[in-house]
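After this come two complexes, each holding chain A, first together with chain B and then together with chain C.
Showing the complex of A and B:
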């Protein structure tokens, strides 16, 4: 009994000896305290190396070089990427295995693009594109595109979209177009369509009249515009390729129209009877309309919110042109712009978080953005005369008309005010651009 | 005696208690008058408003401290050593190179030194100017350091000197200086497509450093949910880990950081740079 008791005590002492260090060490472990660091970035472009795409023939190599060039200029256009100078590339463009990633790291590249072009039968080509993460040391995207050889440029835009999407998580705009009113001569204004970067200009109307304010349909398959072909302003709709033009409501004077992003309806500024300009909602065939505003002042420039629930417009009911918003049924009209005496051409961003508009500052117009409630006003341009903004479908850039120096041209600027660049010029000037959605 | 004087002035028959009180009052007035006389004769303490250098130092205590730690070059000329007198001045411990409040006292008390300091001020200004030019990059670093510290939300000044999160003197200063360099390198290595700028998304990385300053291990502890953004942090960390020129923490400061770091990458605020 006594022995057992002593044994128990001995065992207890042993346990104490074993456990004590653990108990002593435990609080020390608990005291382990990691420190916190917060890293905020520099604003700078993302460096990417794009090697010329290669082929087995001179022609394929030439096409490959052109594709790489277009991909490079597409990415450069965004102001987000910085394609590196190909002259600095040492690695064989054909090498797609055992790539020397440390060499690319030394060049400052974060990503690497390699590709190949293979001619197929029937005038088709097959283009393979491989995107590598230089620091992961692996291929992150690999795609093969096939199509008519003449569509090599479109394939290049698709590849650029793929790169943009992978590294930013956002959709690119390289499969979009811009429509605008251009003046081939002093007396005529026609509707044109160009790629997002101003390339591939196509004339859409050819009626020798004044055609203005073109605007894309939701699927980018049609364009509505105001034409003076009949002597007074009426609304027309035409296919993107310039086919199937028709007047929506020939008997009505319609100054400007905008497609709903959710349906085929149009919001237009037009005259009802002999009255002044009001905002109307028009059925796609123009057969009937709903009057949304009814005010002795001028109401004009309607555009939709991205969800189609609201319409923003300009009215001088307060004495000077200001921006107003209302529900799509005309209810809840209220003024939202209070900064500046002359605010016009409002357009809602695709994400719905901001409005772009033109405001008169010191006798000329500049492009501004603000929240839909009228707060947080930001000025994007400060020189020239800048009007008619329109958002890129990813909301990262804004296209607008700008009079700087000789004539009016189409410019693009990033939504934060950086990366301003002209994209379209026309002999007599180019005005009122609108950016399309993604074109299938 | 006082009583008889009193009697002679006001006549007899006065209450003796009243007499005592009047006498005490007269005595108190006499003492106060004497004190006032002595004080006024010595005049007020001279006040020196001249040396602007003191103001500059008071304005930027942290920056100066951090610079001292980083460059290892104290600025004795900004606080000229008094010439072996005044015990108040000797109180300043030598480790504290820039005790601002003491300097104010020093300026108040050492009026005669101001003229000497004025002659020195030209050379001091010249040195300051030179230092400004030479340390343009350092100042940017210090600003970034300050921003990082604010964002850390660590109550630095509330903790004792030399402790983790303590003020910026001693070991704490070594640690802060080291972390500022580390954050600067991480920022430099972080190539973020500008499309992410201004977004409140973040990746949290767990990271350990060895005494030689190398990153011995790191892992993404909390993803942003956006693979493209996570990848930017992955690349930044990989690049940083590969570098052979990472700063080496002071051995004493290393004890404060040996448990590792939680590094948050967040582009909500950013340093405007080359874009545009």
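Showing the complex of A and C:
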């Protein structure tokens, strides 16, 4: 499967040269098993030349080179940009007037980035970034950033965000993080946080119990998660840095929770008050709740629409796990997934136009998306066991857990099925990833 | 039943507190070990009651059996019901023992969905036992989802063993 995937990729690249943005059919056995819309994993990438940022000292030049590398790898991560190999660059990186745009065109560059690094007093640096449109033959963005020299990486991410925003109209994800569950040993799960690309892993919980399903608050300052710390599953909230852990409602069994878009409430699955295990809205202090479902079957995995007006969830009330939607007050419950016998973990895209979810196909899971009314189903993955999708805040990428060969790791894929890449691997496996919003 | 449990404990406390005091003074031992030493040495009614309850828990545990489920199901098959009827008889014989019902799933299916499924499996058994006359006060439920497989294998045999409710005497 992997091989044929790669071969198809190569073919796609070839076709791309000849036909440019044509739709290429995705071959795979999954198509025979369920009717799916074919996605196009191959789209033409935007070629960009990023020259090393320059300065007046060895140190400034070294920082400048590192900044350019981070900007380059950030843009490469999106699968939308193709940073060109700097070895092919002929022009002096210091030249910012009378730029040879014809020469850059000859290299295939559509955009050009140049920059400079100036040390300031007190361990600060000032970084200037200039973005040129090669075909227009002019500078389109010029920005200056300053901050502690030690935070050069953060400045690089901000420059990458600027470039991404200029050319796509969307915010980049280079100031976001992923939270997930890691398994330091067989009987323990802890919550971790890493940068969007898997760098800078930090362990958030350290209680030696089972901690799972971490979910970000709006400002990414807090994470709610399910913990068995007190002997049975219930919901906890903890600061991103691992401080201030508290049980939201210690007396209740809560299997899973998700923050509302404004973080004013949590949607949870569990038994709160008397009765069956249901889906409820709960205030973050645990004090008051509203029961939304009232059904003897399984109701679980609630998440919110981006405007907070609706909640999607999983129920087996039809006899198998399927995706349902309801208004946030519990009214208007209706099933929306009708393809396949096992559809779980629905998550709403930030723009509200699609849901991502995991569906079982022939004994393993794949990631799919569909419109919120259940139509226009598209299959994104076709190899391995792929579960637990979560959208990037700009809706262009999806993070998910994937079992491919040894252990379960965390991957990202573009919402159109292209640009699959692993980002987090851990010895005991890494699961249940959730993508944060922009971190202030 | 609850009353009886409380009165037993009160009796235990009444006997043990002076015993412990004696033991601490006499043997110069402190903490839980002191209890064991004095209890064993004096062979009072209370001491027998203590080991008696621990023995009841061990005894009940050795006789309780797991109830098994079909794939992605939390309804009780006839064999699961039979296991629960047997368990109910045993639970009735140990009125001071409480039971934690632990719902478990095989590794197939989504982990988060299986946490909810395990919860349902535990509650199914609880409801059945309550219907058979076991006091709900003696029963608690917990789901471990896929986290606690009894067989780490990846085949039908392993999966069938892992789709279960376990009954833990406490």
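Here, the second predicted complex is superposed on the first by the 391 of 440 C-alpha atoms of A that agree within 3 Å, B and C clash if a C-alpha of one lies under 4 Å from a C-alpha of the other, contacts with A are read in each partner's own complex, and residues count from 1 in each chain.
Heads up, the rule we're going with is that contacts are C-beta pairs under 8 Å (C-beta built on N, C-alpha and C of every residue); 3 or more make two chains touch, one makes a residue touch a chain.
All of these numbers come straight from a predicted model, not from anything done at the bench.
**Q** Give one of first, second, both or neither to describe whether A:421 is in contact with chain B, with chain C, with both, or with none.
**A** A:421 contacts neither chain B nor chain C.
**Q** Between chain B (first) and chain C (second), which, if any, makes contact with A:404: first, second, both or neither?
**A** neither
**Q** Which of the two partners, first being chain B and second being chain C, lies in contact with A:166: first, second, both, or neither?
**A** Only chain B; A:166 stays clear of chain C.
**Q** Scan A:269 for contacts with chain B and chain C and give back first, second, both or neither.
**A** A:269: touches chain C, not chain B.
**Q** Quick one: is A:358 in contact with chain B, with chain C, with both, or with neither? Answer first, second, both or neither.
**A** In the superposition, A:358 contacts chain C only.
**Q** For A:335, is the partner it touches chain B (first), chain C (second), both, or none of the two (neither)?
**A** Neither partner.
**Q** Just checking: does A:298 make contact with chain B only, chain C only, both, or neither of them? Give me first, second, both or neither.
**A** A:298 contacts chain C only, not chain B.
**Q** For chain A, what residues appear in both contact lists, the one with chain B and the one with chain C?
**A** None.
**Q** Mind listing the chain A positions that touch chain B in their complex?
**A** The touching residues are 32-47, 78-81, 105, 110, 133-136, 166-170, 396, 416, 418-419.
**Q** Mind pulling up the chain A residues that touch chain C in the complex?
**A** 187, 189, 210, 212-213, 226, 228, 231-233, 253, 255-256, 269, 276-277, 298-301, 314, 316, 320-321, 342, 344-345, 358, 360, 363, 365, 387-388, 431-432
**Q** Tell me, which parts of chain B touch chain A in their complex?
**A** Those residues of chain B that touch chain A are 147-148, 151-154, 164, 179, 182-183, 186-188, 190-198, 206, 226-229, 231, 234-236, 238-239, 256-257, 259-276.
**Q** Please give the residue numbers of chain C that touch chain A in the complex, ascending.
**A** 72, 74, 108-113, 115-117, 119-120, 123, 140-143, 147
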